[in-house]
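Heads up, there are several structures right after this.
Consider the two complexes below, in which chain A is the common component and chain B and chain C are the respective partners.
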Partner chain A sequence: MADNVTPRVRVPKSASAGEVISIKTLISHIMESGQRKDGDGNLIPRSIINRFTCDFNGQNVIDVTLEPAISTNPYFEFQSTVPEAGTFTFTWYDDDGSVYTDTKDITVG
Partner chain B sequence: MSYTRRDTLLIGLGASAAAMLPIGALADVAGDIAAFTGGAAVGEGGITLTAPEIAENGNTVPVEVSAPGAVSILVLAEGNPTPAVATFNFGPLAGAQMASTRIRLAKTQKVTAIAKMADGSFVQASSEVKVTIGGCGG
Partner chain C sequence: MTRKILKSAISAVALSLLAGAAAAEVGDQLQVNGDLDLVVETAAPAHMADTGIRTIYSGWVFRDADTQAMQMDDFDNPGLLYVDQGAEMWATPAGTSEKSCADCHGDASESMAGVRAVYPKWNESAGEVRSLQMQINACRTEQQGAEAFKYGKDEINAMEAFISMQSRGMPVNVAIDGPAQSTWEQGKELYYSRFGQLELSCASCHEQNYDNYIRADHLSQGQINGFPVYRLKDTKLTSSAGRFVGCVRDTRAETFKVDSPEFVALELYVASRGNGLSVEGVSVRH
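Moving on to the complex of A and B:
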């Protein structure tokens, strides 16, 4: 597992039913591209997050495939419909098999 | 100046090596596009790619793609060692078919976004980004 991986997500606390909200996510990750060389000229092996998904109450919002060309600390901003109160689940899949998740609740009112 | 037989051979080798390099990268781009579209024709319009004209730091270049009615959007950077950048697949709850992120660009190049629409058609948009400092280490 890569060191110090911390997901950060910003979701509004409440929305009206059917409203479209904007979600911002950031996860601290080195995203080693596999192209760089260390001081001795050896290739540093690739180590990136290769997939990110966001679901709301089990329904998919966005599913992103990441390649090494995504910057360090992958950031995403996207929009989601909120049909009812519930929970957003954010999942990041690391090359080494680690899975990082975060959840955010939202109320409708 | 007259060329010896050995010089001629070397020049020929150098020229063919130089010719091979860009063709290899371009074939890779074409392969990525074909894998995404399945060989279908790619139209224009209906997709917006927002990228800066000049990026001082190729390590984090903010880009935004938006294609109302798209099922998925593929982003390619043709001048990178591996052209594929990201694929966004939109689920049933996506509020709008847009996403923004930050990407790495190795050098000044054209960034392309291709969207697959709900009816199975494809559209693309491109943007030229000037990069002052490349973002692939070295």
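Moving on to the complex of A and C:
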């Protein structure tokens, strides 16, 4: 498993119904491309986050396929409409099978 | 204030007028997280009277708007990843003592507040000027019974970043008199010594030509109040000594080692040229 993988998410605590909010996510990850060689000339195996998803109350907001060219600590900023109060669920899928998740609640008022 | 900085400040204002209220105002005001103002421009300390520099600027002023903006929000500042790593190490026992930093120093936000601002600093019992990184390693080997961190690597830079963060917003205030004076003089001499095939001294670029371009790079005053920095080109932290290595190498010289006494002296001297600027915790540069 890749070391020091920590997901971070920023979502506003509240929004008005139907408002479009901005969400920022960042996960610390080496994103080793699989193209590089170590000091002895051996290929360093690929180790990346290959998929990122965000769901709101079970409904998909964004689903991203990540490729090896994406650099260290992938960062996403995107927008979502908030029709009602609920929970955002963020999921990152690692090459090694690990799945990292984070959730954020948002109230409508 | 030099003409070009003034010009860019004016065009930044013009741009922000065009863009309306779209983005946070970038250019001459460094405010972090919308509530912490950092000093990026202030009067030069007294010892710089004969340098011709009246106003000192943080390196942040010289970077482009996107890079500046990254430092204005902790979420966008990748250096904070290392601060988190440092915080974890702070609380993790190490070495034969099986003690963590926290076991002796407690809550870093209290015990380490102001520490970064006064380093490099004379250490009475060791009889030498120590950089913050040397002090960290002294603690590890003498107190914790652990192996010293390797200079120039992520771990020590992360620890320095975490400690530095506890002083964010405080003015740099290194002592240059008393027992530290001879080291400071040595650092000053290095600053004005020309190195390498290109025969460049620190002053050639950062005193005589700051705000000009060296090829595509906008020369800063070479202030180190923002160190350790997250460099976008390296995607990792760099310490001030690490940056010195890069600078001397670029003059096509054999450099001093990253942990050499020469660079400690230089770090003290360069830090003293930034007395009055804010410690930026961990800054973002390209």
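Just so we're on the same page, the second predicted complex is superposed on the first by the 109 of 109 C-alpha atoms of A that agree within 3 Å, B and C clash if a C-alpha of one lies under 4 Å from a C-alpha of the other, contacts with A are read in each partner's own complex, and residues count from 1 in each chain.
The rule is simple: contacts are C-beta pairs under 8 Å (C-beta built on N, C-alpha and C of every residue); 3 or more make two chains touch, one makes a residue touch a chain.
Here the structure is a predicted model, which is why all the values come from computation and not from measurement.
*Asks:* On chain A, which partner's contacts cover more residues, chain B's or chain C's?
*Replies:* Comparing touch counts on chain A for chain B and chain C gives B.
*Asks:* Have a look at where A:6 lands relative to chain B and chain C in the superposition and call it first, second, both or neither.
*Replies:* second
*Asks:* Is A:71 touching the first partner chain B, the second partner chain C, both, or neither of them?
*Replies:* both
*Asks:* Which residues of chain A are in contact with chain B in one complex and with chain C in the other?
*Replies:* Shared contact residues on chain A: 71-72, 75.
*Asks:* List the residues on chain A that touch chain C in their complex, please.
*Replies:* It is residues 4, 6, 8, 10, 24, 26, 28, 71-73, 75 of chain A that touch chain C.
*Asks:* Could you please specify the touching residues of chain A with respect to chain B in the complex?
*Replies:* 20-22, 33, 35-37, 55-56, 59-72, 74-81, 83
*Asks:* Which positions of chain C touch chain A when the two form their complex?
*Replies:* Against chain A, the touching part of chain C is residues 75-76, 78, 81, 84-85, 235.
*Asks:* Touching residues of chain B toward chain A in the complex: what are they?
*Replies:* For this pair, the touching residues of chain B are 59-61, 64, 77, 80-82, 84-96, 98-105, 135-138.
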